[in-house]
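Structure first, then comments.
So that you can tell them apart, the chains are marked A, B and C in the order they are listed, and the count of residues begins at 1 in each.
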Amino acid sequence: MIRRKFSKFLSILGFYLLLGIITIYALFPFYYAFISSFKSGTEIFIVNYLPTKISFDNYLSVLKTGYFGQNILNSAFVAFSVVLISMMLGIFASYSLARLNFKGRSTILLVILSASMFPQVAVLSGMFELVAALSLFNSLWSLVLTYMIFTIPFTVWILHTFMKAFPPELERAALIDGATTMQLIFKVILPIMWPALVSVGLLSFIAAWNEFLFALTFISSDHLRTVPVAIATLSGASEHEIPWGNIMAASMIITIPLIMLVVIFQNRIVSGLTAGAVKG
Amino acid sequence: MKKFLLFLLVPFIALTSTAGGAQLSVAFGNVGKDLDVLKEFFAMFKEKTGHDVNVISMPSSTTDQFGQYKLWLSAKNKGIDIYMLDVIWAPQLASHFVDLSKPAAKLAKLHFPSTINSQKVNGKLVALPYFTDAPMLYYRKDLLTKYNRSVPKTWAEMAETASIIQSAERKAGNSKMWGYVFQGKAYEGLTCDALEWVNSFGGGQIVSPSGEITINNQNAIKALITVKSWVGNISPNGVLSYQEEESRGVWQTGNAVFMRNWPYAYNLSNGADSPVKGKFDVTPLPKGEGPNARSAATLGGWNVGVSKYSKNRDAAVELALFLASPEIQKLNAIKSSHYPTIPSLYEDKDVLEVAPFFSIVKDVLKTSVARPSAPTKRKYNEVSKLFWSASQSVISGKKSATSSLKELESRLKRLKGKGW
Amino acid sequence: MKRASFRNITKGWLLLSPMLIVLGSVAIFPLYRTFLFSFTDAKIDDLINFSFIGFNNYIEKFEGLYYGILADSTWWNAVYNTLFFTVISVTLETILGLIVALCLHRAFKGRGIFRAIMLIPWAIPTVVSAKMWSWMLNDQFGIINDMLLKVGIISESVAWTSNSDTVMWVVIFVDVWKTTPFMALLILAGLQIIPGHIFQAAKVDGISGIRLFFKVILPLLRPTLIVSVVFRALDALRIFDLIYVLTPSNDDTISMSVYARENLFDFDKFGYGSAASTLLFLVICMLTLSYLGFMRLTSEKI
């Protein structure tokens, strides 16, 4: 009996030990960047495992020099626009694909799915041509447009799986009441589907916020850049080295909002991710 | 909610209201002090002409920068008026730039003819010199005196001294001491370093000015084998991932006896908070071995080109002339220790006072060797990548020098194909 | 009834059209142009004046020697690197993801917090994680070297991102760090579909944990695992930004995407780079199609 209890204790201990290891593995780089961001001067080149002195110099110099504040606004503008537009397009399309019966639906789903497999590099040259032709080069709208290539596929895909599961009785009842399609979508379906919308919205937001290749290629002014590119091209205000301290501080500034989003909305993100992949 | 919408509109407003007046944009890849100095010049320019200038910062790797330039030029980007061009880019981008030979007719005569010629493509003056560049060997004179060693003239002497001082200093307690740091990362900088080694052993310049592939020769092999023997002994293994700033990081924290670097590091190393302040000096890069041994320094430098697509072409030309003027060249020499391209400035008292090493610069510039960008034209980037990859595979010990250079030769032949 | 279905059709396409127009212009059109350029000698700074050169970008015989991508050893090196990266990273991510998913499937205090923690590496922008890791892996000032030196695993600082023996493993390691959470979530979703009574029955029968896992859980998880692995593999095959930021222009890690971008923009070979992009697309396309075919086969069985 005691032996059994002891082995149960051991297995619980082992389980928490495993959790601990995973947690450290997942968090340590972030933690280390966090404490590095508070070091200034040559102190940053000394390895410390615990925070020593807290100085906000790096944060100040990141926010003061260049356009970092503007870059954050740019990223927010692009990310919000991408979320709104791809959601609008996705709602109509997924309603059509999930609730209306017509030929060619499966082909379209297939095309959408395969578009999500496109390597970004493979479309970069044509995309560049498109952006130049629409004279969107060096405009934030070029990013809003081009980010659709990766947000639309999963938005449509996820929303379509949710719409399919929508109870047909409600839809029928609304149609009998004489609701138009728009009313049906906006007044009946969407209020019930908001968790799914939050999921796809978050996923689009994170994807758009983090994108690098297009943002590097299509934007040519410092004040129009988004934050990932701003970080990659960050130059030191000081004359020393690569500005590691500033890079870490900038990384914290753009990552912390994301982490807050993730912590607050983790349930929604999880259901969004899993609906997109597994049910498909 | 309204506030929120307004917040969303902010970037858009900023985007639409860029026009109006002479607002010039300059694409510039250098960071830190160089950027600060450039901004000072822009302030002077504004006072003089009233034109506002802002800098578009670029990725620090010149390879990335060049790719970005090509994209912008091909999109006929009106947002950038002036491009800072690496000395090797003129032959590749000529068609996108304004011919400066007329507006700069007088000014051009003040500069070294060779520098001006390097920016001429089919008679068109693509860009004006901002500064020229050639690397030097930085050495710690305090350590050389302490261990009673003379300033090295050959790579062999350098390696010997480095090894002696490194082990002595380590025994004395400085475990982070290294003998020699350079740029060994797989990028354009390694092409510069490796070209110097090869050339200093009399191994030519990869592709001859007439376009022949000359790299596979005994002297080049000897040079690379020599460098390989440094890595892990007098140079940290990490040198294979160093660019200029990483090597300066090791040097300026006092942890290297020798460093190969560009002149920009001179003033920085003499900065107020620098541990090596006043403890170092510079000399031309060492010679190799053999009958054709010479000191070789890869020619670098930046030039100012005016985009054909600029909306403010006149103001932009004005700025280009301003940046190439004797006044700015002198200030740039004093503030950033960049080499001027105007011969008289090498005898200027103010300049020599801050940068006494300028007295040796004329010698350094005499030993300068050009990267083969002129003969290989639009294929230069690929030639350079093949060369730095081959060099790195030798000095990292992945391949033997003989087989690596043989492979490089055949790859270059294939690339040349029907002609450069 | 017929009229209603006709109305359905028009309505259906009407609602689809905005999305199709946008997707067509950002995906189909660029893809078509890339495909077209792959048969030309276009230059990046002149996309108007070019001539068609047939399959020369792919393969060409000139003076007895073969040129073109299919004869380029760097391309095959990139293919090898990409496959190596894909196989190793996806395998590791699946195993670790499975472990994490099993942990998350158990009810314990603080599960919500733990799940949020797990998601953090996934949410951090790739550029930022590449910077963070290259800072930690720095040969002179990096904490990884410091740790390993203190523990005594290594006796001298290792230049992780420049040493050709370690650099690919660094890329894999960072990718595993970043993507395991995603994998874990996919697998967790599969675990949650397995009815609880199966576990209870197993418990009543006194089956040990390990046997339960291999005899019961793993077979039931198989469909989920296949989907997750395929999704991840397709993603891994086009790896770009991690390699581009962490180890730029290094032949030891060059992937197919990086190779294509290098030729498109760094070298003066827009047509050639487009051909490389097209090949990459074809590889991924074929894998997707065979996966879809496979899915169709298995779903028919059910």
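Going forward, a contact is a pair of C-beta atoms (placed from the backbone, for glycine too) under 8 Å apart; a residue touches a chain by one contact, two chains touch by 3 or more.
Everything quoted here is computed from the prediction, not taken from an experiment.
Undergrad: Make each chain a node and each touching pair an edge, then name the shape: line, ring, star, complete, other.
TA: complete
Undergrad: Determine which of the two chain pairs, B-C or A-C, is joined by the larger number of C-beta pairs in contact.
TA: Top pair by contacting C-beta pairs is A-C.
Undergrad: Taking each chain's centre as its mean C-alpha position, how far apart are subunit A and subunit B in Å?
TA: 38
Undergrad: Please tell me the distance, in whole Å, between the geometric centres of subunit B and subunit C computed from their C-alpha atoms.
TA: 36
Undergrad: Roughly how far is subunit A from subunit C, going centre to centre by Cα mean, in whole Å?
TA: From the centre of subunit A to the centre of subunit C is 16 Å.
Undergrad: Return the residues of subunit A touching two or more other chains; collapse runs of consecutive numbers into ranges.
TA: In subunit A, the residues touching two or more other chains are 45, 232.
Undergrad: At least two partner chains per residue is the criterion; list those residues in subunit C.
TA: 47, 140
Undergrad: Hey, what residues on subunit B touch two or more of the other chains?
TA: Only 71, 74, 246, 249 qualify.
Undergrad: Can you list the residues on subunit B that touch subunit C in the complex?
TA: Subunit B reaches subunit C through residues 61, 63-64, 66-67, 70-71, 73-74, 92-93, 95-96, 176, 184-187, 236-241, 246, 249-250, 378-379, 381-382, 385, 389, 393, 396, 398, 414, 417-418.
Undergrad: Can you tell me which positions in subunit A touch subunit B when the two form their complex?
TA: Residue list for subunit A touching subunit B: 42, 45, 66, 70, 73-74, 76-77, 80-81, 128, 131-132, 137-140, 216-217, 220-224, 232-233, 235-242.
Undergrad: What does subunit C use to touch subunit B in their complex?
TA: 43-47, 62, 65, 67, 139-140, 156-159, 161-164, 248-251, 262, 265-269
Undergrad: In the complex, go through subunit C and note every residue touching subunit A.
TA: 5, 8-9, 11-16, 18-20, 22-23, 25-27, 29-34, 37, 47, 99-100, 103, 106, 108, 112, 114-121, 123-129, 131-133, 135-136, 140-143, 146, 177, 181-182, 185-186, 188-190, 193, 224, 227-228, 231, 234, 237-238, 240-241, 244-245, 256-257, 260-261, 264, 270, 273-274, 277-278, 280-281, 284-285, 288, 292
Undergrad: Give the list of subunit B residues in touch with subunit A in this complex.
TA: Counting only subunit B, the residues touching subunit A are 7-8, 10-12, 14-15, 18, 25, 27, 31-33, 35-36, 54-60, 68, 71-72, 74-77, 79-80, 245-246, 248-249, 252-253, 268, 271.
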